[in-house]
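In order of appearance the chains are A, B and C, and numbering begins at 1 in each one.
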Amino acid sequence: MIIQSENPVLEVHDLTVSYSSKPALWGVDFSLPEGSITGIIGPNGSGKSTLLKSIMGLIPLSSGYVKIFGKDLDKVRSRVSYVPQRESVDWDFPVSALDVVLMGRYAKIGMLRSIRSSDRKIAMECLEKVGMTDFAKRQISQLSGGQQQRVFIARALAQEADFYLMDEPFAGVDAATEEAIITLLREMVNAKKNVIVVHHDLDTITEYFDWLVMLNMRLVASGPMKQVYIPELLKKTYGTRLSVLAEAGDLLAKDKFSEKK
Amino acid sequence: MIALWIILTGALVAISCGLLGSFLVLRKMSMVGDAISHAVLPGIVIAFLWSGSRDTLPMLLGAGATGLLATFFIEYLHRKARLQTDAAIGIVFTFMFAVGIILISTFAGKIDLDQDCVLYGELAYVPINLWILPDGTSIGPKPVYILSVVLLLVVLFIYVGYKELKLTSFDPSFAATIGISTALWHYLLMAAVSFTTVSAFESVGAILVITFLIGPPAAAYLLTEDLKKMLFITVGIGILVSFTGYWLAYWLNASIAGCMALMTGVVFALVFVYTQFVLKNKRLKLAARNTLLSQKIE
Amino acid sequence: MDNFVNFFSFNDPNVRYVVLGSILLSVSAAIVGSFIVLKKKSLVGDAVSHSVLPGICAAFLFAGTKNTSLMLVGAFISGWLSLVAIDYITAKSKIKKDAAIGLVLSVFFALGIVLMTYIQQSGNAAQSGMDRFIFGKAATLIGSDLITFSVIAVVLIAVTLAFFKEFTIIAFDEHYAEVLGLPVRKLDLLLTSLTVLAVVSGITAVGVVLMAAMLITPAAAARYWTHNIRRMVLFAAIFGAVSGLAGAYISYIAPAMPTGPWMVVVSSLIAFFSFFFAPLGVVPKTLKRNKNSRTMMDENILKLFYQISERDENFKMKRTVEELLAFKKMQPTQLKSGMKRLNRQGLLDYSNQQAQLTETGLLKAKKIVRLHRLWELYLTNYMEIAPDHVHDNAEEMEHYITPELEKQLEKYLDNPETDPHGTMIPK
């Protein structure tokens, strides 16, 4: 079931993405309404992070296109913010929590200019929103998992974007952090921001999200929580093993083409 | 006075290399620095043969381009031929270095370069290479002026691009999402390393440059958790090893650049031991305090 | 030319010794190096080769003469120490592997340079020729030295071949090796020792700076000739032997030249050639890709014939190039050359800008159209992709679907009659 929306904030059209010519997502096509908090769910290897990365232009698309606020990403980059999975950075890097949050201001400061005191003020405010003011000067490896996640969310806030994409922000964080983050996301949505979250935990889905995108190498469903959070679609997302699809992917990847005959 | 000129030259090289090397170390690309420092050799020899002199500009341009070419070639082999990066680095730089050595041996009579210079430079001859003005007055050794300009450019590069260098080193995919080109900053840094390596070649040789690129930043990295402080400590270590290295060389009557590189190793070893046994205790105490603090907040 | 003949007739016993020695040591290095490359530790080879220099110099200082055995021991010890230092630094601090390798190799090398320059001005007459350890001189592989180095090389080859299985498994999957109960740590230690020994064996002929290349370059080149590890090691050995021979020859015709760089250049050229032209290299891959896209083009042309025929309900008519182009936009030149190829394969009857499907051609065209429509149906039914979005993907997949996959599709789709657009699926 795929419910499209009018005047979408995000439109993903017929998107196919491949990793070393093996498709990881096939023909994904959906759109998201304004002012909502959307969850992307699906089993491991279903292409959730891949979808986020391809929306952010971090991996090349094999086919299809993505429009954000009806425009190409390059035109609206300053309005979009992305929080990658936490493992992807070097925690020993000599930067403090405040330094990391300030990085969210870099695009606004502009190339080759230095940081202004107004940026520092905004960064501190963002740290305060996530309850991390006391840790501003702390080097990032000396923070707990939940605290690190808060810092990265503060960095996204510092971008002052309208559209936030978060890759598993709740992975490996403590309960207090999870609650703090979800409250913050709610506040953001109330302030007319849009949020997409890749999520893992089926128990909290109904409580956290308004809209759901269900993936399993292809799009299973996209729509308002009430309409798509049904056993049939969940089973389709998590249950069936798509052996034909997997095999087809292998054929493309190995390029067995010439061996066919 | 001679000693001062030599120490000054050594320090200039160590500071320029160390500042750029800090970013190599943080990007986990130290071995690319190693590759560049070897790979500029054929470029230096060809520039020599071409211009017939040790003029700085053709050397810098010709050889700097060779270093950059090596990084392109490594990338190309990795991407197109799917050669694993470590092997690509290892093969490209040994090949280019070998070509350089062969060129030097073949044209031994024609150019004022020998294998020893390649290995450990000619720091001792720096004070003789004077810059004499048209009216006959000498204003000090030429290399000191050249290396000062190089250092100035390096400092300018890092000052202007500090934000971008920091972000593309720390979190390249975030940099990409806010529209900062990671490839651009990668190649800018590589170009800077190439030119600095070439300018340092005459003084310290192709291989010992690596010590100055990696040693001081690695030690500074252990001492601080702040990037700016790391850069300042790197500068300090550069000056320190230049002094101590010179006196060691004087005492042993051995290669000056070799001794400076060796002192870099000694400084690193001391810092390593210090952080292992002294700082570790401090950290443990700090960590205990942190947990208390965190508990209070949550 | 005389030199060439003299050298390759191997009449001169000195030539024979030098050739034998150079080949043995390059072959042994290449064999050990194969596992270093497979373990993705090429740069460790670089570290060891720079790091043996202080050991050589220290041995000289200790003995006061160039005592080969003692220098080998010294080289072995300092090479070993460098690896211990790298491991210790990375294990105990936040310094990453690359920085640790670069730091250790350059500092050890610096120590070597300091010792060497110290020796050179010490006035000891025996020191002359110390610098040959840096860039190598194959011509010095004679007399008792030759025996020493050959013994090392033979031991290296024998031990590596004896542990071939074990090294293969730890290179491929260390954890699995551990699960199997193999002494992974000890095997690693053995491989490390062999690496150091391989570097040490090359110090006189190749020199310390470039010995790393003799370890990894032949092995990396060999990787592009075969997927079979035994053959890969064999190829590496052959490439090593060729480079060794080249080094010996250079040493013969140009005694003033250092041999190490020449050996490295020769083996690098072999490697660059392999990266591009070996069976697994860039060029054959590109050729294969071009051939594939040609075949795809041919299949698309056959499909085109089928679709026009389907529209006219006449499968036996001759079609002109213009007619085909009017039905579907294509490059006219590509279309014509494709039609000629299909003519040669007996799938089309082509003459005077006109063509018609042959019997086999029709069968093949049907098959492709069938696969296209089956896949469209699969995408709509099982992947919830809207019918107007499935065409592009099917355009690609139709060329890839194997008979096995076709059977599976039939089973899943329950031998369907029509595709999502309501068109017949040909049998």
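Everything below uses one rule, namely that a residue touches a chain if its C-beta (ideal position, glycine included) is under 8 Å from a C-beta of that chain, and two chains touch if they have at least 3 such contacts.
It should be emphasised that the depicted structure is a prediction, and the values quoted were computed from it without experimental measurement.
The innermost chain, defined by the distance from its C-alpha mean to the mean of all protein C-alpha atoms, is C. Comparing the chain pairs A-B and A-C, the larger number of C-beta pairs in contact belongs to A-B. Chain centres here are Cα means. That of chain B falls 31 Å from that of chain C.
Once the centre of each chain is set as its mean CA position, chain A and chain B turn out to be 39 Å apart.
Taking each chain's centre as the mean of its C-alpha atoms, chain A lies 37 Å from chain C.
Residue positions of chain C with contacts to 2 or more other chains are 94. Residue positions of chain A with contacts to 2 or more other chains are absent. Of all residues in chain B, those touching 2 or more other chains are 28, 221, listed in ascending order.
Within the complex, the chain C residues that touch chain B are 37, 40-43, 45-46, 50, 89, 92-103, 105-111, 113-118, 121, 131, 134-135, 209-210, 212-213, 216-217, 220, 224, 256-258, 260-262, 264-265, 268, 271-272, 275-276, 281-282.
In the complex of the two chains, the chain A residues touching chain B come out as 53, 56-58, 74, 77-78, 80-82, 84, 88-90, 93-96, 99-100, 103, 106-107, 109, 111-115, 131, 134, 139, 141-142, 144, 147, 155, 159, 174, 176. Within the complex, the chain C residues that touch chain A are 94, 288-289, 291-292, 295, 375, 378-379, 382-386, 389-390, 392-393, 396-397, 399-402, 405, 408-409, 412. The part of chain B that touches chain C in the complex is made up of residues 25, 28-31, 33-34, 77, 80-81, 83-84, 86-87, 89-91, 94-95, 97-99, 101-102, 105-106, 108, 115-116, 119-120, 207-208, 210-211, 213-215, 217-218, 221-222, 248-249, 252-255, 257-259, 261-262, 264-265, 268, 272, 275-276. The touching residues of chain A, counted against chain C in their complex, run 1-2, 14, 16, 26-27, 29, 63, 92, 218-221, 242-245, 247-248, 251-252, 255-258, 260.
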